[in-house]
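In the two complexes that follow, chain A is the common piece, with chain B as its partner first and chain C second.
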Partner chain A sequence: MSSKNRDKTEISRRDFLGLASLWAAVLPAIAFLGGMFRMVKPNVRYEESTRFKIGTVENFPVGITKKLEDKKVFIFSTDEGLHAISSICTHLGCIVNITEWGFQCPCHGSRYNQNGKVIAGPAPRNLSWHEISQDIDGSLVIDAAKDVPPGTIFKLKA
Partner chain B sequence: MNDLKQSGINKFKNNLKDLRNSFLRSFIREGKPINDLSRAAVMANNFFLHVQGAKTHVNTLRPGYTLGLGLISLYLLLITVITGVLLMIFYNPSIENAYNTIKDINYVVFTGRLVRNMHKWAGEGMIISVMLHMARVFYTSSYKKGREFNWVIGIVLLILTLGINLSGYMLPWDQLSYWALVIVANIIQSPKEVTDVLGITKYFDMGGFSKELFLGGLTAGKESLTRVYLLHIMLLPLILFIFLGVHFWRIRKDGGLTKPEAFELKESDTRYISGPERKTEVFSTNKTYGLMELVKTRTPAVSRDIENNLLSWPNLILAETAVFFLTLAIVMVYSFYIDAPLRELANPLIPENPAKAPWYFLGLQELLSYSAFMGGVGLPGLALLGLALIPYLDREPQHIGIWFSGKKGRYIALESLVVGTFVLVGLLAIVIKFGWFRTWWPDVPQLLIILINPGNIWVGFMIMWSLFVIKRTDSTRMGAIALFTMFLLSYVILTYVGTELRGPNWGFYWYKSQWPVH
Partner chain C sequence: MLNRFYLWVLFLSSLVLIAYTVFVTYQEITPEWKKYQVEYKELLIKEAKDENIRKKVKAMDIKLQQIYLGVLNKVDRCTSCHMGVENPLMVNEKVPFKQHRGDYLKNHPVEIFGCTVCHYGQGRAPNRKEAHGIGRDTYWDYPIMNLEYIQTSCALCHDLTFLKDRGGEKVVAGERLFRQKGCMGCHKLEGVGGVLGKSLDGIGSQPIAYFPMRYVKGEKTVAQWIREHEEEPRRVVPDSQMRVDVTPEEADFLTTYIMSLRSEEIPRKLRRLTGAKMPEEIKDEGESLYKMYCIACHGNGKASVFDEAFKRTIPAIKNPAFLKVADDKFIRENMSEGRAGTQMTAWKAAAAGLTEQQIEKIIKYITKDRPKERPVPFGFALFKVNINHGEEIFKSRCVACHGENGEGGVGLNLRNPVVQKADPEFLTITVRDGREGTAMISFGSKDGGLTSQDIADVVGYVRTLSKKKYKSH
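Then we have the complex of A and B:
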């Protein structure tokens, strides 16, 4: 068969074997690199659980605001119920302070109103509202990994 | 000679007698550098010296040309390596012990504080010397004619220098370290700002993923310290030394440092050079010459400039040794009097107020206070890309080896300095006095802030100004001078603002004494 009338898509045996062995070498190399990067991502995290108990409803009489420092969360108790707002600034992760008008971040001057909405500064997002639920033993549980839309109030069951 | 006739014992005795000389001969094969031949041989044969030529051009030896900045950077690096190994003897990279071992080094270990200070200040000194070295290379047009890629390698070395400094900053695990780590982790996470705006974070959370890889978890903890330590002592230095090797190799292959086309020996040069021992013509009838190569470009000038290449030993070596001891002395004295900071133990509950990054990143932190993504990733990325591309966008071959490419460049640099200062200071004044979009319209969408913020406006201005200069002067080199001058200027001004003028809550204060007590 002359090379002139050979179909363009046709490939010689030599080229085929050459390309096949090339890719047989390249693919494992890629897989090896991928595995190396995947190895870096931890499978176990030595961190505290994002779910934690905060005690029973009696701990939160109406009108009280509690700052759980180590859990990085503010808990507000109002007439309507409870809500939990994260104290982690959405800009670069500093801890916001509570003020009369809302929250203030000390690092780059982000400000939030009382509902955690950004009112000034570089913060790209509002402060998270965490989910509150009640455990079977009656104690309240916050999950910092689960956010709820702002304004979601946990109604106390009388 | 008559080895065969000697008895074995005699041979042994003679070898023993000759041991000192024969060992030295095997160690330094070319003998003492007492004539020009052996002086050239020592440069060519010694492993540590052979990266430099046997001869060095007078221009390279002029202190006013290089200012010794590349050398100083290398020596500072060597100082950090030696002091770093010493510190590793006592330092323990765990969150339980890191802080205590640093305290031990500071207060208990013999000369520990001096060694730690030297490590710290030599490392941070590298940032300054590497940046100034970059400025020297830029302003003398030394990034052209085959040296383009070496300039790019230089940028990589600058990034690595910053990265090693930053990772070292996190190791003492004091308040400074911890909050710098948190802030850096969140800068790494900041592409989330963009994916959030686009609403695709749920499917493609690049920011969150990178942050997790960096921290070894979701929050800064013991895993993070292990990783930062690894970066600081192993991964980044390893990459740095590889790139450094290539950097030096390429300079050598490009024929040493750049020099002006029309070089003339000055009277003042004779103060720091010693000439060849025999004053004969470079091309003499005593030697035979052959045709080596036919080349397309201009032929090398046969009788010109050859005589300005002097033996590296002793000319270059003396200068290098002098710079080394000067560098070492400055680092020693500075470290003797000024202590590296060490705050209280890291406390994840209470951020410092203001929580500041190390000084070399405070310019970026100022930009960060406008938008985390643009300040932390977008604009620095753009700036580094722009720097790396300079040799490819300005290819004018004239004026290589001349500071500022002559009078016109000097004028353009000065003009850009003045104009840039006014525009940048004006822009910062507006931001500090009146705030930005969110102060005016609290409901402004985040996308608008990412796209239009003072940082972007400044970078946009720099680009427009350089294009304007190119148009006006008809020279890409002048445009490059304008851009680079403004880059250096903005680094200095923004760093100054971030360091000196920003106080608690990132508010503006003229003096630290005005900070509210809290």
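Then we have the complex of A and C:
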């Protein structure tokens, strides 16, 4: 009776060895599985970053408009500050041109006003506004993956 | 019992596995760059001017940094450790946080050019050893470039005319030396040049494995190899025939220029070449052509010299005594066709690549000091040649310098086609009058002691040498 009791409450030496071995095998297995799932998300991808630097504040005197062909974005510098509008037409992805009244897509005639709002043509959505921020080294950074509501102006500090 | 034994084996090996897992996990979560990024972040927090910036710094992610260079088809991850390259606050910090020196990054934004396009190294590697590619076990062809030679990279995209006063001084000085030392007498560059040495096109882009480092004393780098090879050719390449004489400073300049001869093509969009390669006066003048192609062997051309590596005497081609007898046609033939059996290269367009006009210019330069008076004609055709008598004289008077079989020694190789096909009149005059400034004395004079008949006989014999068999050893 007493021996039966002991079996229930305490682990026998043989059982201990067995269990310890089992756990010692399971632990690395869990660690390696974890490592494998960690690999699903790479640290960096072999592709263009959506964040890019556009220079410092000095590069954008008030009144200037810059078209970054590679990055497909327009940057406007006004009295209030900077804003960046995507130059990709929301219809089929052509690059829109700047006109007196806003933007005009050369492919299917979509028109946008100066804030990127659709005013004519087949475009389904307004042009998106990208986030502008300032990096710690003082340079301005645009993140094309982060859109901001139209009218958001990045305030320049003197 | 056996069961228990296996359990022990499982248990112990699992312990080893756990230890290994812990080790790997630790390595994985503490890569080398993380340490630097944490340090950089602390540095920024310390230097931050106001609360706003401090907040931004604190929000900064610690992660592997990458510059994707679409146009160059590269990725550089150097900024994972070299975090402050673009940050003006880091101007006085230590490497790797230090800001890039000069204002080079202003016109060459890191976003577009990256780092390895100028500095070499392995841009994708996430640790220092592999990224710098130093050491044989990194198996990377282009280790990071020594800053001493970094301006060679400028020449990838800029002309030397442009670089002259914009940080490319060493390349420009090296280019001038390259022409003045006559490197192209043996080394081809863009299809023009001699054939004794290797073509130097793209040598700066050749993988480090192409350069045997066994005899290199200094750092085992391509630049150091080239430099030591210039200073002591036969120490670095034991059977080299290279004739070169440079001061340490000149070697530095030349190495810089040679390292700038690369084969990489930077996309048109990023480079600024106009095609004006040479920064100064051009070069199609007789004198500069002579320097480019002839001076390495012939020197100033006034005195003939015995070369230990060539194992023969290099003739004095600007010596008036030589010019007196050698007419333009003879020199032209020697230059265009070379001298078979010697180191003299055939310089015609189809071989070493000089145009006829260039050869004429060089001839004009060489023969500038040709004496006005022509030599007294010998009249070889008038003599009846006794070849046997000629052989006797040859054996007693000529073999000391020209060799038992005319194969040359201190004197020229008389068996070579140029001598064999030369006008006998020219040969007889040379024997009679000698060649001033060389060991060839005037055999027709009183000291020489040969009669005109003797000279005709010996020349007659020399002209039969090519028909005799001779094995060189």
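Going forward, the second predicted complex is superposed on the first by the 112 of 158 C-alpha atoms of A that agree within 3 Å, B and C clash if a C-alpha of one lies under 4 Å from a C-alpha of the other, contacts with A are read in each partner's own complex, and residues count from 1 in each chain.
In this section, contacts are C-beta pairs under 8 Å (C-beta built on N, C-alpha and C of every residue); 3 or more make two chains touch, one makes a residue touch a chain.
Here the structure is a predicted model, which is why all the values come from computation and not from measurement.
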Q) Does the superposition put A:Gly93 against chain B (first), chain C (second), both, or neither? A) first
Q. After lining up the shared chain so the two structures overlap, which partner does A:Cys105 touch, if you call chain B first and chain C second: first, second, both or neither?
A. first
Q: Based on the superposed arrangement, let me know which partner A:Glu69 touches: chain B (first), chain C (second), both, or neither?
A: first
Q: Figure out whether A:Val118 sits in contact with chain B (first) or chain C (second), or with both, or with neither.
A: first
(Q) Between chain B and chain C, whom does A:Glu47 touch in the aligned arrangement: first, second, both, or neither? (A) both
Q | Shared chain A surface residues [contacts with chain B and with chain C] | A | 46-47
Q) Which of the residues in chain C end up touching chain A in this complex? A) 4, 7-8, 10-11, 14-15, 17-18, 20-21, 24-25, 28, 44, 53, 56-57, 60, 63-68, 70, 75, 77, 84, 86-89, 109, 111
Q: Flag every residue of chain B that touches chain A in the complex, lowest number first.
A: 179, 182-183, 185-187, 193, 196, 209, 212-213, 216-219, 221-223, 349-355, 365, 368-373, 375, 435, 438-439, 442, 446, 449-450, 504-507
Q | chain C partner contacts - residues on chain A that touch it in the complex | A | 14, 17-18, 20-21, 24-25, 27-28, 31-32, 35, 38, 43-44, 46-49, 52-53, 134, 136-139
**Q.** Footprint of chain B on chain A - complex, ascending
**A.** 37, 40-42, 45-47, 69-70, 72, 91-95, 104-109, 118-122, 124-125
